[in-house]
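Chain naming follows the written order as A, B and C, and within any one chain the residues start at number 1.
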Amino acid sequence: MDLLLYWIGLTAVAVNALTGVLDAGRKRMDLVGVIMVGSATALGGGTVRDVLLDRTVFWISDPTYLVVALATTAAVFFAVRGLRLPPRLFLIPDAIGLALFTIVGTQIALEWQAPWLAASLLGVITGVVGGVLRDVLCNEVPLVFVRGELYASAAWAGALAFIGLQALGMSAVAAAWTGMAAIVAARLLAMAFRITLPTYSERE
Amino acid sequence: MDLLLYWIGLTAVAVNALTGVLDAGRKRMDLVGVIMVGSATALGGGTVRDVLLDRTVFWISDPTYLVVALATTAAVFFAVRGLRLPPRLFLIPDAIGLALFTIVGTQIALEWQAPWLAASLLGVITGVVGGVLRDVLCNEVPLVFVRGELYASAAWAGALAFIGLQALGMSAVAAAWTGMAAIVAARLLAMAFRITLPTYSERE
Amino acid sequence: MDLLLYWIGLTAVAVNALTGVLDAGRKRMDLVGVIMVGSATALGGGTVRDVLLDRTVFWISDPTYLVVALATTAAVFFAVRGLRLPPRLFLIPDAIGLALFTIVGTQIALEWQAPWLAASLLGVITGVVGGVLRDVLCNEVPLVFVRGELYASAAWAGALAFIGLQALGMSAVAAAWTGMAAIVAARLLAMAFRITLPTYSERE
């Protein structure tokens, strides 16, 4: 499980760095601006999780994460620079990054003795904060808010499924894959069919 | 004092969750968006205080706070959904939440050996950050800035009164009630009579 | 070196508080709003650095920093209140504050056993976060983003020079002065000649 978590974590960092570059590129930032947005997207969620858990921040204790974030950002910058990409393209890696980070974050919080309800929310925070930083730094409304597209709710459901399936006796590895698949599926289905949750109908 | 602090803390969490829902409701968010804004409003100030003091974050060490925040948010969501509430209604619970959190935050910082000046500012941070998060997430100018309505200044004066009255020999419990009453009174009077502080008159 | 660092840190706090007041003043904030923006600008970068390094926050462990930030803010408020200052005046102290904080932050991260790559980024964070907070609180696009004016890149180059020159055998004090001079020079030259980095040319 620990090795799996490590590789999932590195993949999540690379995938989120990719989404950061694709989003920052739409704003005509320069190279260093793009590197900062990419790195903040890749490392932001895990950083907040580690600070809340009072754990050594993961990219300070293991510089591999930092190298992966910087290298992915620079590589994507030069690879896609000048291309016209469809603006919604980055939603698919975004869904994958959300799923990977949510499950890694939940698992780390459980290992760090957080109670299950807090652990599920720390998973959601790990999954969501990078994208919120990306959207705020790019001056867009965070994907996680306002739109009824099951963003935080998909992450939360996946984190609770991951915890619940383990409590029911499923192995941690199988529960992790199930939780991640559920999050990606929920996000993609919600985007495809515009599934929404009940909204608060008060008007201004 | 500790028991009083605990109950004041729980009440402050519930009151701030309520203001978060009332504000988020005006933005047509869905259920999970409202829960996130309500929880961030309820738990944000204390979380920043605990991180700065290097204390275990209160809602991770005691899940009761988390349950109260989530339950209040969901209950208020379903209770007031569809009602047309006057937009300024939430200013009264907001003033109460500000007062409760400021005094709790100051007292915890003092117990954690912060010097008195830092403790008073940690109290202001505890009181103010939840509302700032709420306003930023709802894409409004934070109440605490720009308007000359004694927001942070009321909180700071209350925190300093709480510390000063104890130094003059008043019991902690009496000083806490006095500080909280001063904050609520200052906010409500400032709103009623539009009391302002000197402003910096440079023009653009 | 430690004494030098201490004085550089205090100077950086005062200089950043000054830029915060000059910027907040343009927004017609009241006295307490200005004090909050000035203090956040002065103390924000070092606070984030200390939280990430799991170090006691510097203005809680040594209240001198807090007193300097508050006193500078209040003094500048009353000194320049009502004057019409050229809007770009604050860019010079801003460059100096960036240089001082970046080198102090890098050195503290190295002393705290961060690997060199993470330490250079913690230096950039220390230098940049105060100004980002100032710009966000004053509702402006952060100087560090979008404009091709070598802001974070100047800080990063200075931090890497500071680390590299020490690795090549230069004394810490000489490397610190060289790094700081490089950051100020790069910022001022970039502003004077509008030097830019390659940008990502995709259009919306």
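Assume a residue touches a chain if its C-beta (ideal position, glycine included) is under 8 Å from a C-beta of that chain, and two chains touch if they have at least 3 such contacts.
Model, not experiment: these values are computed from the prediction.
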With over half of the numbers shared counting as same, classify the subunit B/subunit C interface as same or different. different
What is the size of the turn, to the nearest 5°, that moves the C-alpha atoms of subunit A onto the matching ones in subunit B? 120
Taking each chain's centre as the mean position of its Cα atoms, how many Å separate subunit B from subunit C? 29
Can you pull out the residues of subunit A that are in contact with at least two other chains? 51, 54
What residues of subunit A sit close enough to touch subunit B in their complex? 51-54, 114-115, 117-118, 121-122, 141, 144-146, 148, 150, 152-153, 156, 196-204
As the complex stands, subunit B meets subunit A at residues 21, 24-34, 36-37, 39, 47, 51, 54, 56-57, 59-60, 63, 66-67, 77, 80-85, 87, 137, 139
